[in-house]
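Chain lettering (A, B, C and D) follows the sequence in which the chains are written, and residue indices restart at 1 in each chain.
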Amino acid sequence: MEKELLFKTNNIGKIYGTNTVLQGINVEFHRGEIVGLIGENGAGKSTLMKIIAGVENPSMGTMEMNGKPFKASSMLDANKHGIGMVFQEQSLISNLSAAQNIFLGREKDFSTLGLVNWAKMNAAARKSLDKLGLTNISPSQKISDMPFAMRQMVEITKVLDIVSETANDRALILLDEPTTVLTDDEMKILFEQVRLMKEKGNCVIFISHRLQEVLDLTDRIYVFKDGHLTGEVETKDADEYKLYEMMVGRETNGEYYVSQRQTVPTDEVVLEVENLAMFGSFKNVSFKLHKGEVLGLYGVEGSGKEDVCAVISGDEAKTDGIIKVNGKEVKFGSPSDARRNGILSVPRDRRDEGIIGLLPISENISVSNYGKNATAGLISGKRQTENAKGWIKDLGIKCEGPNQRISNLSGGNAQKVIFARVLDSECPILILDHPTRGVDIGAKGDIYSLIRDITEKGFSVLLMGDTLDECLGLSSRIIVMKDGLVTAEFDCPADNKPDQVEVVQKML
Amino acid sequence: MNLFSKKDAKSMTVAEQFVSKVEQEALSNKIRVYAPMILLVFMTIVFSIYDSHFFSLKNLVNVLGQMAVPLILATGLTFVLLLGRIDLSVEGVMGLVGSAISLLVLNSRNANDWGIWGVILPLLLGTLCGFITGFLHVKLKIASFIITYAISTIVSGVAVLLYNSRPATVKAQWIIDASQTYFLKIPLITWIAIIFYLICAVILNYTAFGRAVYAIGDNEAAAAASGINVQKVVIEVFVLSGFAASLAGLVALIRLKLGQVSLGENQMFPCITALVVGGTSLNGGKGGMLQTMVGILIYMELLNFLTIIGVSADYKNAIQGVIIIIAVALTITRGRKVIAK
Amino acid sequence: MEKTKPSFKSLFVQNIYILSAVLVIVVFYIINPSFLSLYSIQNMTTELAPLLPMACGIAFVLYAGSIDLSIGAVASAVCVITGLNVGDMGNIMILYMLLFGVMIGLINGLLVSKGKLPSFIVTLCAQSIYRAIAIILSNPHGGGSKNIPLKQRVVVNWATDKILGLPILFWIAIGILLICIVIERKTAVGKSIFAIGANEKAARMAGVNVTLTKICAFILCSVGAAIGGIMYTYKLKSSVPTIGDNLYMMAISSVALGGTLFSGGKGSALRTLVGVLTVTAISSGMNMAGVNPLWKNVVYGVVLIAAVAINSEKGGRDLIIK
Amino acid sequence: MKKALLLFVVVAMLAMTSAVFAADEVWHLGILVHSLDNEFWAQEAKGGELFAESKDDVVAQVLATDGDDNKEMQAMRDFIAQYGDHAIFVTDPASKANTANVVEIAEEAGAKVAILWHHADELEPADWDSFVVHMSPDDFVAGYNTAKHLFDLMDGEGKVVALYGQQGEDSAANRYAGFLAALAEYPKVECLDMQVASWSQDQAMTFTQTWLSTYEDIDAIWAANDTMGLGAIEALKLEGKNGEVLVCGCDGIAAAYEAIEEGDMACTVANNGYLLMGYGASYAYQAAKYGYEPKNPVIKTQAVLVTEDNVDEYKAMFIDGTPEYDYDDLSFCVLSEHPSFAELEAEDAAAAVVTGAVVEAAEEEREWNELIDKINAEIEKGIENGEEGAAEAKELMDFLQGLYEDIVSGEAK
């Protein structure tokens, strides 16, 4: 059965300055289907979504919706045409209620003489939430009082509501990694809803890094690489490996994690944690980190692993337990205390906690260790620049030079700058908190070999991997956490990685 | 922090700990929200005990009368602060509008007698000033602190030019009558302020515009993504603040009859202080009309009390400063990682 | 390798802030050539001397993304204390007053960084406190300003002597400017201030000691204000409890004029110098051009808006600067 | 050779004479006032301008100082940068202390300055070349007189409250000191409270309202200036107590006169900015142009207590019109209500009669005599050198002598 064409693009492209991020994209979306969009970070899929949703203007090409030329000047405009997008980053207003967020910008429907009838709005919100099975969310509850997953659901509700209102089941809904912070149950509800939307004749576009989800949910998959559309497959013909191949152009295996260079940890303990606890997050956590070792910390979101890292990096305060560095007990009030004791982290949230956007690359590298380029307390700008140039070369950071603003770099290159910063700090213990999150696969490989390089030099790494695969691949040992407690510890020698299923059993 | 014994905390599972932590946070948030109100009640009780004059009907009516100008200004500024911006131009606009009205109604300087238009046109002029401020702020992308300061210097300069150094005294009988009109023992100007306050409370809480103000103050990018025309709302807020300043100018003129720039002097910083004491955040997004009222009441009571007990004028400002730092420290909401700018 | 030469255009855009000062000076020179006479230049440099350290000081707080409204009052307090005592105690007062500045900055900084209170409110309250101190201290002397007795003026006269035709105060101010440049470009503290202003969370995670850095910024600011106050004493040879009442807005607006961002993370002492120069030139120039005093505020406001609009960097910012 | 020299001398001489007679020298008067947004200061500025209008060779410019010492110095220097020693100043100084700087700057540039209101301790006009005169309606006296008037109306008995001006300002302090001095003279008058209303009408009103609710029986409110007095009156009006509770002001602004007419205000002091600054300017001008030095350079001007008895007169003079003064008659302004200034008045009146014209004539004569002496010396030299030259010179000399006499007699007509 040939489905009715809902939306198509003709040779869409996008250029930022001299940088072409998207080129010659021709995609078609039909009514009643779910289309997956996959590709590495920076492959261009997010840019395409933004163009369709009216957030960005295309540099070239045209689009058609319902057979008519389509051009959205703003997101609101796109909404009116029946296109709605759920963003990766949270875009809710935290001090407004769920109902107010869902109908933000559309209060007119509930107002008489400009005054909004909140009861009416809450009732409408109730209805929309119920439709998605979100009976546990109260429309009058403030967003700031909700857990993250709940917020995400409100966001999805908001978009679905906007679009279904105007599009009469001819809507195009874009979901940009909606599942990152959802629990399994929530995910199931979401998937059900997405399928329901599809049944009604809408089209849903689904972006996710979790290939299994894509395979579960979609009918058809577009694959992007380096700003080009490189493939299109029917989901029923695809499997995870095939998709990997299409995205990356190579298979994932031990090679990928440079396992042959995995170090065998020495006996020297650099960091020791005894009965560490943070009230309401984890307790009784004990482990030892050896010199030259990569110690993986794994668990689901909310298992407490994030807070273990936060406490060790000085970002959060522990409520109990002991941290010892090189056998000496230490107390951290802030990350700067931790740094002074030789511990520094690569934060997970790169944009918020990693890069210092207004400053150039060289300053971003030196910020953790100004003293390195200083004589008698005075910093030499020249030495700082030379230092930055050295790192740019060593880590292969693609940039115009050390004076370029870091905010103009791509995710992978910005992350490499952050790596340059922690390495430049000469701290022997590094906490890598999702070091490859939002980094394209090429840069990922670079980061993996970099981790091998530094452990060979005697640095010790506490790693929180983005995926279990990554965590297992990189670590010499892995600690699994569940509900705030350590549930298992596995040795992961290069030639004998533990079975993934075994690990997963311990964390769920 | 957990007030129960440590042993208890240790024996709980992490999940239980989490629940109790969330509960505690919710509780402390609630306390924070109500802290200004608790402070207000506490102050009222302590002051009344300390000096019997304080809680006398006469004095309360007094405080209400003096509240008119600060309340109007603070109402307008609430919107500006909710956006995370600041408006230093209100003093200048007050002076300009007051001076302009005094020159257009029956007065001691010239032969003008424009009647009600003599009030309406200056109010529009002040509102226009607000528009210009907002427009320049949005279009030239100049920090609100600086643009509003510049506008303030300009409009107060214009005001002095208008009356050419010799301020006019209002002679229009209806304005003089207005200053001596009372309902329920409360002066008319205070009623004007209260009505304006209530209208603004409705605007803030029951209109799309009000929601948009919160949205922009909390997360400008997200608000824009939700289809809110950020620039338009920002300009509108400055227009509203300009109107509030104009109305405050009118009220101050009704109170004092002499139309000069100094009508607006030393009004703005106290108002902003009062707003912050009431619980409005200077970073935007947090606060509301209730907080504004509480803040203004706290501030007015403090001032009134210090006058009543006759604190030496030399020390009064210093004492006031110390008390306000303490009050803000007690009432302000801060997370552990919240940045104080 | 990827070394690209900065284009003329980008150089021009980067340095456009100098243009406003040049423009203002040229305009006033055309209106009245004696604007650039030696005497007039001496006058303007004397004028600029106390304002420059104050502006340079508060610039650090602005780089860090905070604000300090107390600098005027601090200058008043310092001016009063110095003026009343310098005659008897001699130039050692300068040292004491610098320490006083450090103390004030420490208190402000602690309240802001440790107490997590908004700097706007903390320094607004500090303003009323130090203003009160200035007044209380001058009260036993009949209130108001009090000049250093003529006999004792030898102690302070050196400051207005001239080297190379320009007053010593000016050279000191330039020296302080240079120190500020060194601090912001060459020291960890200065760089950390920019880092926390640009992205406090990230700077914190990178191991920058945010508390200490903020305190340092406030100390630098208050010391700048104290230096300004001392300079006013030496320049006016008297203690003036109201000297700072308008100064803080003047200092803040001159920093803004130079194009320093109020949101933090950007700016330089050289920009501040240009801003101070422009402000001084405007006020001197208007006197010399015979502008009616009634119009002065209007002209000043308009020039301020125009200059800030031209000077501030806003490339690539979608959001409106708050 | 000798002829050439002589001719040069003559031409120089004629040039000088013409300069003296043609009076094409222009004096630039810098009028330094706090600002123009206050009625009294505007009155002062206007006074200075009125004086300048009365002279052909004076150009005035108003320089506002915002009450800021620093801006005042800057404005003076800016002015001197343009006009050098042809700048003259009359200033209502930003502060007492700053007058020392004002004088120093003027001294350095050789510009004459008249200072109003305050002058720093130890700073006496007599010690300085450029500090011509200090004129002031005494703030202390003003505060004293208004307070005394209030207390007299109260029959020397009752309760009073006081509104203080801006903290840190001299006028505020001095007026309050006057108030306290008067208070000390009336033991039965009790001062219930003093508050700092910073010259602000709004604050004064607020304080008064609070007082009215705290104290039952206030008889009078002493305010350090008119604006604050008017604020107090507005508060009284709300209680219907205007006219009942006595209020005073100071400065003499239009609204205060109206309040006196309406019976709401008991008294104010007409500080008379026109007179103060106009005559101040005149002193500076006379000193700069003719080298005139007043015999007693510390002058207390008339600062009249305005009550309902004389309000019409003062309103007509200062508000509805501008007073016309003969700025050459420097004796006019030297009056004072205060007894302690009686002798001053007499002395200075005598001194002040010696005004410009007399000095001018004396100066011209002196210059001529010098010239003639020079030429005579030249002739002496010529005689030594030879008969011929001497005769020639003598001839020329006689001619010149005749010319001079013609000119002088012509001038006299």
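Details
One rule holds for everything that comes next: a residue touches a chain if its C-beta (ideal position, glycine included) is under 8 Å from a C-beta of that chain, and two chains touch if they have at least 3 such contacts.
Nothing here was measured: the structure is a model prediction, and the numbers come from that model.
Located most centrally within the structure is C, per distance between chain CA means and the overall CA mean. Distance from the subunit A centre to the subunit B centre is 42 Å, each centre being the mean of its Cα atoms. If you average the Cα atoms of subunit A and of subunit C, the two centres end up 44 Å apart. Taking each chain's centre as the mean of its C-alpha atoms, subunit C lies 36 Å from subunit D.
Centre-to-centre, using mean CA coordinates, subunit B is 29 Å away from subunit C. Residue numbers of subunit B whose C-beta contacts span two or more other chains: 156, 160, 164-165, 221, 314, 316.
Those residues of subunit D in touch with two or more other chains are numbered 36-37, 167. Annotation for subunit C: residues 135, 201, 294, 296 touch two or more other chains.
Pairwise chain contacts in this structure: A-B, A-C, B-C, B-D, C-D. Contact residues of subunit C toward subunit A in the complex are 1-4, 182, 185-188, 191-192, 194-195, 197-199, 201-212, 265-266. The residues of subunit B lying in touch with subunit A in their complex are 2, 9-10, 13-15, 17-18, 20-22, 26, 202, 206-208, 211-212, 214-215, 218-219, 221-223, 225-228, 285-286. Across the complex, subunit C is touched by residues 35-37, 61-64, 66-71, 73-75, 77-82, 95-101, 120-123, 166-170, 172-173, 177 of subunit D.
Residues of subunit C touching subunit B in their complex: 65-67, 111-113, 115-122, 124-129, 131-133, 135-136, 139, 200-201, 249, 252-253, 256, 261-264, 294-298, 300-302, 304-305, 308-309, 312, 314, 317-322.
Subunit B meets subunit C in the complex at residues 83-85, 136-138, 140-147, 149-154, 156-158, 160-161, 164-165, 220-221, 224, 230-231, 234, 269, 272-273, 276, 281-284, 314-318, 320-322, 324-325, 328-329, 332, 334, 337-341.
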